[in-house]
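Below, chain A partners chain B and then partners chain C, in two separate complexes.
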Partner chain A sequence: MSDLAPATDRRDRPVAPAVPTTGVTPAPVQSPRARATERTIGVLALVGTAFTVWLGLWVTPPDRTQGDLVRLVYLHPGVAWVALYLAFGLAAVSSVLYLWPRTRSLFWDRLAAAAVEVGVVFNVCTLVSGSIWGKPTWGVWWAWDARLTLTAVLLVLFLGYLAIRRVPAEPEVRARRSAFVALFAVLDVPLVHFSVNWWNTLHQGATVLNPGLTLKIHGSMAWTLLLGFVALTLAFVWMLLVRYRIGVLEDWLDANELGAALVERRSEGAGASAGAAGSAPIDPVGVA
Partner chain B sequence: MRYIVAGYVVILSLLFLYSVQLVWRRRRLARAVARVVAAGAGHEGPTVGTLPAAGGPT
Partner chain C sequence: MWRDAALVAGKDLRIEARSRVALAQVAPFGIVALALFAFALGPDRAVMAKGAPGLFWVAVLFCTVLAVQRSVSVESADGARDGLRLSGIDPAGLFLGKAAAVGAQLLVLEAILVAGVVVLYGARIEVPWMVVVSCALGTVGLAVTGTLYGALSAGVRVRETLLPLLLLPIAAPVLLAGTRIWQAAMVGGTPADGTQWLRLLVAFDAVYLAVGVILFGPIQETA
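Our next item is the complex of A and B:
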């Protein structure tokens, strides 16, 4: 029997090797089609955002009551839409799909993690743009208004989600834990949405997603607002794809780095002992 | 008007910087994966991880 034959015990059953055979599993490869799709979405997002900025700053007229400040509205509801509804909504759906035994897969966990990270960035943009709009309109950078406060709470909750993911644990444990946190955090989204209807708030009512779904903005201003929504949605999709890919690579490295290090270490050890055998006749452990 | 320009600059800069960071992170990880794969392939010998058969020649 040669050294390459599978190891067997006395009952001729295969014995699992104590270490991985090669140390690494096949690397995750992104198909050219996926790469092309990602690039196309990225370019469309860039062009759409550039058009929104051009229309918002130079083409659309000032508002009758808000004056030029309305130009900030072409971005602010768009980033809020991406953060609250797209990103955190997707994170909630993915978390449910992970927790559901029939659909349980780390794919949903990675997708939720990617959506939350991108959503947190958009949530920060929402708060910052709202604050910059609030200073000249309300006279203050921040007010403890129901919508503003609940949006800030939402940011803290999802920062907590990202912190929970950093706690060392097995991938399945981390995924289950994170899914529960996401489902808890997302309960704040309907509170943020309906806060302007339920409480007497400083923040204005919804322009698009109001109870009657009637657009309260018209003409070129409406088109610019809607283009902003589309452009920022495309930007979100692009970021989500790239962030998901990062998750795949991180998981692969977590699973394979140890194996590769072991292989490398063993090879170094073999090289060193071969070198020692060739150059020095000393055998410190008495193997030779 | 300065508030409007500030709002656009802050939001677009944040999104741009985050995008650049994402691309940089992905590139760094892709390089790390390539390094690990190369290390695994380069040191993959016929005896690596293979236990000698019980009772067979060693």
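Our next item is the complex of A and C:
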């Protein structure tokens, strides 16, 4: 099939429209309603985060044993929740939905990609905030504890996902590749979970997501913690929406870049010659 | 499916028998890795004997990456991948065959590396069957995941750098389990500790074998 092709992989490259005859398709535009939703969620996330900061740093009391260090509890579990459960869970579900033939649509692929990218950011924040907490309480920046290890392994797995997404390919091929990588990674999570648990456990038990969902802290601290979860979740949703929109635009650009550039150059040429000759109407599409 | 698997595995092993890439390049690389670990951890044989289980598995992981690269690259020339797909071979059979060939090569490498850690690090194995079983199960897991990622990255020009990034983190449970089983099987270890890790390896193998058998057809289409 590819006998006549040079040794490099042709299918590796995004296939631009061979000869753009009719210029470019117009860039996808966000509907006013979608824009309003996105902005509302963004503002809510900002306000929620500001309130969490205020409550967490000034209103709530210091802890009896951990002192001011306890204030990290308003940030760290929330960030971890977003990264490990929301983002990577969403990425897993949408990747499977993409692979399932009946629900196959680039929507799920872009959603998974956006979720992973935002999730990786939150994952790094989890590790960094955990480190800052770990140094004074455990005495070390990093411990090879089960949960820490699992978080780190997840980060590396999804960095692999982002790496394979960066490989240029047709949108469908890229979507398929990435969905498989996400699926393999997700299947690995329970195995890594068990192995690192048997390997080493040091981390304190879950504060919120423990069996029975009973909060182990009370009063203003619990409310601040809850608000932090909500604010961070909203921030995640906002970043997800923005990243999804950028993903759509990127795909549009990939498909239309060459055509748009050609149209531009042709109109330049037409403009120059028209200016020199002093003749009037210029064909805007550049067919002439 | 089984017949196709045997055909594909036979083909890959014949290529290996004639080109000797695994034996002449990957196996010496494994020995080099063992020597480097020894340089890194100093000449104290007690330290090296203690670290032997983990170092053995790290060396195996590195060799797996190389063996998988080779397994992919034999298909990349002359449109061999398209030829295989056109030949009507069952995708599941192709998957099992490729994985079996990689696994067979890995088993030979592991035999060499076991001899290496026993001789060079002074590792003393007390329960040989556990070592053998862990190698067998670990090899299945590594060969299977390696073949899956090999197929996923087959059409990608940055394959050489992408494959380790994808494969090595996925294989973390194999490294942990293999190391722990070995530690249990060493002189001074408690063999009873090894059984739950053996179960983990079985689960790992089962999950990725099933994924490969079911999904290898669609995975090939990504290349």
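Criterion: the second predicted complex is superposed on the first by the 225 of 288 C-alpha atoms of A that agree within 3 Å, B and C clash if a C-alpha of one lies under 4 Å from a C-alpha of the other, contacts with A are read in each partner's own complex, and residues count from 1 in each chain.
The criterion applied here is as follows: a residue touches a chain if its C-beta (ideal position, glycine included) is under 8 Å from a C-beta of that chain, and two chains touch if they have at least 3 such contacts.
If you're wondering where the values come from, they're calculated on a predicted model, not measured in any experiment.
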Report task. On the superposed three-chain arrangement, identify whether chain B or chain C touches more chain A residues. Result -> B
Query raised in the report: If you stack the two complexes on chain A, which partner ends up touching A:L72: first (chain B), second (chain C), both, or neither?
Result: first
Requested in this report: Scan A:A143 for contacts with chain B and chain C and give back first, second, both or neither.
Outcome: neither
Report task. Determine, under the contact definition given at the top, whether A:W198 touches first (chain B), second (chain C), both, or neither. Result -> second
Query raised in the report: Of all the chain A residues, which ones make contact with chain B and with chain C?
Result: 1-3, 8-9
Report task. Note which residues of chain A are touching chain B in the complex, please. Result -> 1-10, 15, 17-24, 27-28, 49, 53, 56-57, 68-69, 71-72, 75-76, 79, 118, 121, 124-125, 128-129, 132-133, 135-136, 235, 238-239, 242-243, 245-246, 249-250, 252-253, 256-257, 259-260, 263-264, 266-267, 270
Requested in this report: Could you please specify the touching residues of chain A with respect to chain C in the complex?
Outcome: 1-3, 8-9, 11-12, 99, 153, 156-157, 159-160, 163-164, 167, 169, 173, 176-177, 180-181, 183-185, 187-188, 191-192, 194-196, 198-199
**Report entry** Complex contacts: residues of chain B adjacent to chain A
**Finding:** 1, 3-4, 6-8, 10-12, 14-15, 18-19, 22-23, 25-26, 29-30, 32-34, 36-37, 39-54, 56-58
Requested in this report: State the interface residues of chain C toward chain A in the complex, per the touch definition above.
Outcome: 79, 82, 145, 148-149, 152-153, 155-158, 162, 165-166, 169-170, 172-173, 176-177, 180, 196-197, 200, 203-204, 207-208, 211, 215, 218-219, 221-223
